[in-house]
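Naming follows writing order (A, B and C), and every chain is counted from residue 1.
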Amino acid sequence: MGLLKYTIYRLLQAIPVLIGISIITFLLANLAPGDPVRLMLQGQQADEELVRTIEQRYGLDQPLHVRYWNYMTGLVQGDLGYSIHRDRPVSELMLERAGPTLLLVLSAYVFAIVTAIPLGIIAAKRRNEPTDHISRIVALIGVSTPSFWIGIMLIIIFAVQLGVLPSAGLVYPWQPPEAAGHDGYLEHWIESIRHLILPMIALGTLQMATLMRVERTQMIESLQEEYVKLARAYGVPERTILRKHAFRSAQLPIITIIGLNLSTALGGAVLIETVFAINGMGRLFIEAIQQLDYQLIMGVTMVLGAIFVIGVVITDISYAYIDPRVTYGERE
Amino acid sequence: MSEPLLRVENLKTQFFTESGTVRAVDGISFEVHEGEIVGLVGESGAGKSVASMSLMRLVEDPGEIVGGEITYRGETLFGLEEGPDGELRERDEMLSESEMRERIRGREIAVIFQDPMESLNPVFTVGGQLREFIELNRDLSSGEARDEAIRMLREVGIPDPAERYEEYPHQFSGGMRQRVLIAMALACEPSLIIADEPTTALDVTVEGQILDLVDDLQDRYDTSFVWVTHDMGVVAEICDRVNVMYLGEIVEQAPVDELFYDTNHPYTKALLDSMPRPDRTVDELDPIEGVMPEAIEPPSGCRFHPRCPDAREVCTRVHPETLEVDRADGYPHRTACVKHDVFDVDYDGSVPLEPGDEAETRVGGTGTEAGADSNSSSTGEEEPASPDGGDPQR
Amino acid sequence: MATTESQLEEQQPSVGPGEDEADEEVETRVGWRYTLAKIKRDATARIGLYIVAVVLFIATFAAIDSNVARLTFGAVQDYPAARALPIFDHPTAIPPPGEANANAPPAFVDGGTLSHPLGTDPQGRDYFTRIVYGSQVSVSVGIVATAIGLIGGTIVGAISGYYGGKVDDVLMRLVETLYAIPPLVLIIVFIVFLSGGSPDIRYAIVGVGITFIPVFARIIRSRVLSVREMDYIEAARAAGVKDRNIIRRHVIPNSFSPVLVYATLQIGVTILTVAGLSFLGYGAQPPTPDWGEMLRIAHGRYMHSNIWLSIWPGLAILVTIMGFNLFGDGLQDALDPRIKN
């Protein structure tokens, strides 16, 4: 029961942050130097009549707090505004574009976790041996390399030179095979995976390197804990110690970091979607920026912020699930 | 006297650090008989904990047992011999790492650590941890181990053991956790429990309860204990025989009453004098002068001489072995102090040290030559203190 | 009053990041020299120090001999082009296009020449020169933007941590909120709205700097929270020293060293971020030689025809950031003995 209570508590706690994000995006868009309407009409003759019509239509002639109130009431009802450039509701565009981004980010996380955790554990176990040094060098390179460059290199190697993997776009596994011109589900899913591999690695490498470093230090620390010594003194085999006694508590910081790094990963998605021509939210954001479609910019920022907040809530809850010391509502 | 349960002979454990070799345990010998509580006493840094971990071969990097012999019920837990090429190698009958793990640790020798707050894994239930160790060391099924764990929790005085079984360590107080650790040790039904300062982290009232509990349980289970502590009060209350350690060496070894009423070594005397007692005021307490030097470069001669009120010139030169000076209750009373006549080095004829002399004599040549010679009395200026030069303890 | 304050100053321990008193003592006595000596002893930190030193040297002294359209090193006054960092004024071309072929391969590949060791770009400019010049943009932008974040974060964090209560609540909520938006997205929004749609490296620097304020504010705040409870602060407060002076003289100096370590590591992140911005077109603008910008051009049109255009800038970023990371890690180990590898 405690966990459910905690979940509700954390969700309630997230609301002020979400409001904060809405205020920041709103202010950025509305207090920015330059009139948004004129910015939007950049390049065209600023016809005063036209400007006033647009302002009226979108309520821009009203005072700031009224506009924010309108924006907020819309948000609560799931209305993220209206993209003038595309002549479509922002929320509709979001629904369309969120899938690819989430697919990309989640797969990058899966890639990072399944590689980083075993490597980190091995490095901790064989501390200061060659295996450890190699994995530390890999981690160092991982945190020092721009993800988009990794993407470019992967394209050059696997798409341009070897020609074994596609370099652009994604195939969405949730779509029917016919939509992508595939004969059956098998071919469809294989194609989705083939398209996903390179962007996943490009986006996941930084996360992998970060997690690996943390896993290693955490495991080293954990292996020096008294309770690990105690387990050893009671004849527990080394393998069990590694997999059970030292492992579980060492994962707690990892969970926190996975949540907090979500914001870097979502930012990275903007770059990776650009490199691999994936039509996700990141690319939508860049397009919105180029078109100065400020309702859309606000919408994307708001949704990305919300994804991050929800991600952190989820990781916090799994933290509470693993760590019995967390009592609902009293955690720092 | 029957064959002891545990026999430790000339045990040496060293730590190989960047700044030099630390002789944490430097040739200690003692025995533990069935049903006995044997104390290992000394200031922090004396090597008590390292010694106790060495018994289970659980010394951590960069530490290593480099010499001596540990025998438990006729089995060699540690022992070296000289190979054909003159190199020291492990003896064939010495138990392998997996034999230690499967047959000795937990099953035969269990431990209770100093800090009950850190010794339990925070992310598993108390009962789960107990059950795991019982299952592993007593070949019980999961269900039987669970029943046994609950029974042991009741035995060590934890109320509502069935409910508390499901709780996590943070829901237990320090004293309660130490009871859990005692339950853990006893539940595996070992013959020997190494208790490494198990009451140090607890407050005094709880300490008293725990000592009573151990006393009571020890009577019923007839388990032997090696009780590591720095507290002479605890020693008086619980131990049968005592080993006093200073800088990696045992300087005095005697049955507990003998030690208290016929103290032979100035260090033991100093420890006893520094102990608060109801019959003395705080002003009368007599703290030991100075701090214990580092085991990385121990003083020459007797290691205690820089802090010893009775030190004489001879003490800076002669490194005393631990020799039998008396017998009590059928056990030897051994001491490593040249004041006693067994050490024929003319203590009485030697000049007493002035306090000012200490500075020069404090650090002997041993530190610089530590790596060059593995023999414990390695400095050229030292003379072997035993009359015949052999091992006087046999 | 004056005496009281100076006395307090004397008593005030210089708090190193280590909690251990003995470590702090060593730290106080020998300070930076001790830290440097420690870094020199650690092989990886030493490599980091060397890389950073070399990159800083190149960034400072690289100059262009406009006559030969190639890079040379020398006294700055000999080469007018190098007098000012070419970040803010966009020189028409660095280097001026040579007579070499466009898209020439590097020297070690068939068809390459030694006069263009890394080949030439699509406009026939020497790529080596552009890579070297790129270090100026990356390093200066990295340092300036980090400094903005550091100064801003120190002010916000110190105020928040020292006053606590409502001020702290409001500032920390704000920090938390800024945290929630992916930094790259927030920076681009900043840049675009601040620049009114015509991005520029100056806006990138400010945008990156502002976005990193929360990161530093958090670290400073947690440090201040512990420093605040120290006896000497109590003493200063009891002696009637003004809050502002306490913050300036006692709280900030004593909270600073973990932040400085963090700043070194953050320079790497900043360079990475700015490279990403330039890659998306919101950082340095052409023809400024910037690694991210060069990758943008390479990715756009030359991934098939000239792979070298993609390889060199990325390697340059990698090595530079690795240098700062190694150095920062070494600094951390040296200053904080508790975290050991």
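Simple rule for what comes next: a residue touches a chain if its C-beta (ideal position, glycine included) is under 8 Å from a C-beta of that chain, and two chains touch if they have at least 3 such contacts.
It should be emphasised that the depicted structure is a prediction, and the values quoted were computed from it without experimental measurement.
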Of all other chains, the one whose Cα centre sits farthest from chain A
B
Which two chains meet at the most C-beta pairs?
A-C
Per the C-alpha centroid definition, the whole-Å distance linking chain A and chain B comes out as 55
Distance between chain centroids, defined by C-alpha means - chain A, chain C (Å):
24
Let me have the rounded angstrom distance from the C-alpha centre of chain B over to the C-alpha centre of chain C, please.
53
Of all residues in chain C, which touch chain A in the complex?
173-174, 176-186, 188-190, 192-194, 196-197, 268, 272, 275-276, 279-280, 282, 292, 295, 298-299, 303-304, 307, 310-311, 313-314, 317-318, 321-322, 325-326, 339, 341
Could you please specify the touching residues of chain A with respect to chain B in the complex?
225-227, 229-237, 245, 248-249, 252, 322-325
Quick one: in the complex, what on chain A touches chain C?
16-17, 20-21, 23-25, 28-29, 32-34, 39, 42, 127-128, 140-141, 143-149, 152-153, 155-156, 160, 217, 263-264, 266-268, 270-271, 274-275, 285-286, 289, 292, 297, 300-301, 304-305, 308-309, 312
Can you check the complex and tell me which residues of chain B touch chain A?
56, 58, 60, 101-102, 104-107, 110-111, 113, 115, 118-125, 132-133, 136-137, 168, 170, 181, 184, 188
